[in-house]
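Each of the two complexes below includes chain A, the first together with chain B, the second together with chain C.
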Partner chain A sequence: MRDRTLWTWHIGAGLVILVLLGLHMTIMHLNATLGFFGAGSTEPTEWESVAARAGSVFFTLTYVLLLGAALYHGFYGFRNILMELNPGRTLRQVINVGLTLVGAALFVFGTWAALAAPGAATMGG
Partner chain B sequence: MTQDPTRQVTFHIRRYEPGKDAAPHWESHRIELVPGMTVLDGLWKVKELSAPSLAWRSSCRMGICGSCGMLINGRPRLACNTQISELGTDVVAVAPLPNFAIIKDLVPDLRPMFETHRELKPYLIRDDVAEQDDPTLEYWQSPHELEHYLQFSYCIKCGCCMAACPTVATDPQYAGPMPLGQAERYNTDSRDGGFDERKKVLSGGSGPWRCHFAGECSQVCPKGVDPAKAIQLMKREMVSDLLRMRKRREPAPVVQPPKGPRREEIPAAPERTVTQD
Partner chain C sequence: METRARPNRLGIRGWVVGGRWGFERYLYTLHRLTGLGLLAYFVMHIFVTSTRAIGPDSWDQAMAVVSGPLFAIGEFLVFAAFVFHAINGVRLGAIELGFAVGRPIEPVYPYQTSVGRQRRLAMAVLALAFVVAFWGGLDFFAWT
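Let's look at the complex of A and B:
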């Protein structure tokens, strides 16, 4: 049962990445096009723009969600590559536990960075 | 284009006898090419003229039994179904199917494939065991329902897809295209009710999740079956089931065969040779 569930989450994470990365690309790299339609006229890499996004609950949530989806998607793929090297039973467990711990640690660190950024929504301005 | 009647071809054959040879080795044999000669015919000629101990499997000589799957010029094919002239070369390299242990010479050990096949219950699973053992009526199935699985039922279990699959080559846990394709063939059969039993195995590590969709299995299938498609359809069905979105259906009902005058050109079914006590 476990492999089916993991694979389904992998596909779900891929869909989340598709949407959120599309949002990121639109905001960060298509500002000229957005400006043409009357939105996003400021330079997205300027401090004010970065701080404004960091202070938005919506953007903070998308950062954390994108981080989680990308970490899961990437680490699941990496695990599959390692599993195809045909490791023994013990090594499989080490890979599973090791990747889960590293992925969780990176997620916690990335989430903390998003929440603790100067001007972040959770820091009260 | 006519063939030169005196044309010679060289067979490079991979030989190996466990217990006698330390490792597989190649042998070369030259034979005269006869128009219409298949690789299987060539092997028989080699055996007759210069290598009497050469071993391989074959039976029907017409691409039906699936016995003579082997690696011919780098591609898994049926020896009986491969004309030497279609290879476009005077050199025919023949080796046993990769991804299987070798029993002798060109004879692969297909037991792991068939054991996995058996685990996935490749038969109709229904509650009416008595009706299956001693049929009195027919299971209803429309031509449209037949289309769902028909192409997958053409599989002859030759193992060519397993030999071509890059995932089978590296992952001994993976069930492989033939067993998975056949599980899908029965899962999509409207007469079958065994999805829940098969999914116990399919949901685990040997299921379709390791398939990279390289598509080599479908490329090499000598019967035109598309196991790669079956595996992708299976993934969709399994995920739909996990998300509670799979449409559940009851196995097709037992019905009276349609009445009507029998067409004269259709012969009557033979008498049963096995009877229930």
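Let's look at the complex of A and C:
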């Protein structure tokens, strides 16, 4: 695939991350700020909170979307950094294939974790 | 994006050391460092949070391992890195699309660059990142 297309996806994935990771950071780490607006009264890492989010279709979908966007954005950015170190032809192919495989494996594993959690919201109910 | 026209022959030093390229060049280095840090954390985060798939006991054990003041500082650094990387990323996207660099001018001596126009946006990015990270720091450590 042409680099220009991959780069456009990289920017698009960055925008998705900006929104979803911003939301994730706020929910998980800015408890006092949320409390100021009358939300976030429970500890987000307590199992009850985790299970409640796992049972929500919105959270499950956004987790998987964020996972894919962040893995693509991160690994494509890492690839660009490595490419600027001017590797040889064979090493370039190893980097391209290796990072794609690692990214895909992490996406499959992370998606499984999101969907397999007890009480997780899935399309099958 | 990679470039075939003028490959980086300096290796890691080529993108870490900005020389006299200016303030924005070091924001570029910081953008890369924060990006690599966030990627490393994210891969680790996938494995830690995947314990929820096994059940509450496994989750609680994982949370016990990643709790404590050292991890709180680490999480705050991740938060601050995200804040900088996100806001600076918006700046980079805006500049790539031609915003905040001024209108094109003829290359007539004495030459002018768009660096002066970009500088204000770069300073605004740093200021905004500092304010948001500072707010986050208060939420992480003072308001809990």
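In the analysis below, the second predicted complex is superposed on the first by the 121 of 125 C-alpha atoms of A that agree within 3 Å, B and C clash if a C-alpha of one lies under 4 Å from a C-alpha of the other, contacts with A are read in each partner's own complex, and residues count from 1 in each chain.
Everything that follows uses one rule, which is that contacts are C-beta pairs under 8 Å (C-beta built on N, C-alpha and C of every residue); 3 or more make two chains touch, one makes a residue touch a chain.
No experiment lies behind these values; they were computed from the predicted model shown.
A.B. asks: With the two complexes overlaid on their shared chain, look at chain A and say whether chain B and chain C clash or fit.
C.D. replies: clash
A.B. asks: With the two complexes superposed on chain A, say which partner A:L18 touches: chain B (first), chain C (second), both, or neither.
C.D. replies: Only chain C is touched by A:L18; chain B is not.
A.B. asks: Mind working out whether A:N80 is in touch with chain B, chain C, both or neither, as first, second, both or neither?
C.D. replies: A:N80 sits against chain B and chain C alike.
A.B. asks: Touch test for A:A54: chain B only (first), chain C only (second), both, or neither?
C.D. replies: After superposing on A, A:A54 lies in contact with chain C but is clear of chain B.
A.B. asks: Could you let me know whether more residues of chain A are touched by chain B or by chain C?
C.D. replies: For chain A, the partner with the higher number of touched residues is C.
A.B. asks: Looking at the overlay, does A:D3 come into contact with chain B only (first), chain C only (second), both, or neither?
C.D. replies: After superposition on chain A, A:D3 lies in contact with both partners, chain B and chain C.
A.B. asks: A:G98 contacts which: chain B (first), chain C (second), both, neither?
C.D. replies: After superposing on A, A:G98 lies clear of both chain B and chain C.
A.B. asks: I need the one stretch of chain B that runs into chain C once the two models are overlaid. Options are 91-99, 109-117, 127-135 or 163-171.
C.D. replies: None of the options clash except 163-171.
A.B. asks: Per the definitions at the top, what is the overlap between the chain A residues touching chain B and those touching chain C?
C.D. replies: Common to the two interfaces on chain A: residues 3-4, 7, 11, 80, 83-86.
A.B. asks: Using the touch definition from the top, list the residues of chain C that touch chain A in their complex.
C.D. replies: Residues 1-3, 7-9, 11-12, 14-15, 32, 35-36, 38-39, 42-43, 46, 49-50, 52-53, 55-56, 59-60, 63, 75, 79, 82, 86, 89-90, 93, 96, 135-136, 138-140, 143-144 of chain C touch chain A in their complex.
A.B. asks: Okay, in this complex, where on chain A does chain C touch?
C.D. replies: Listed in rising order, the residues of chain A that touch chain C are 3-4, 7, 11, 14, 17-18, 21-22, 25, 29-33, 45, 47, 50-51, 54, 67, 70-71, 74-75, 77-78, 80-81, 83-86, 106, 109-110, 112-114, 116-118.
A.B. asks: Looking at the complex, which residues from chain B come into contact with chain A?
C.D. replies: The touching residues are 167, 170-172, 202-205, 207, 209-210, 235, 238-239, 242-243.
A.B. asks: Spell out the part of chain A that touches chain B in their complex, as residue ranges.
C.D. replies: Answer in residue numbers: 1-8, 11, 80, 83-86.
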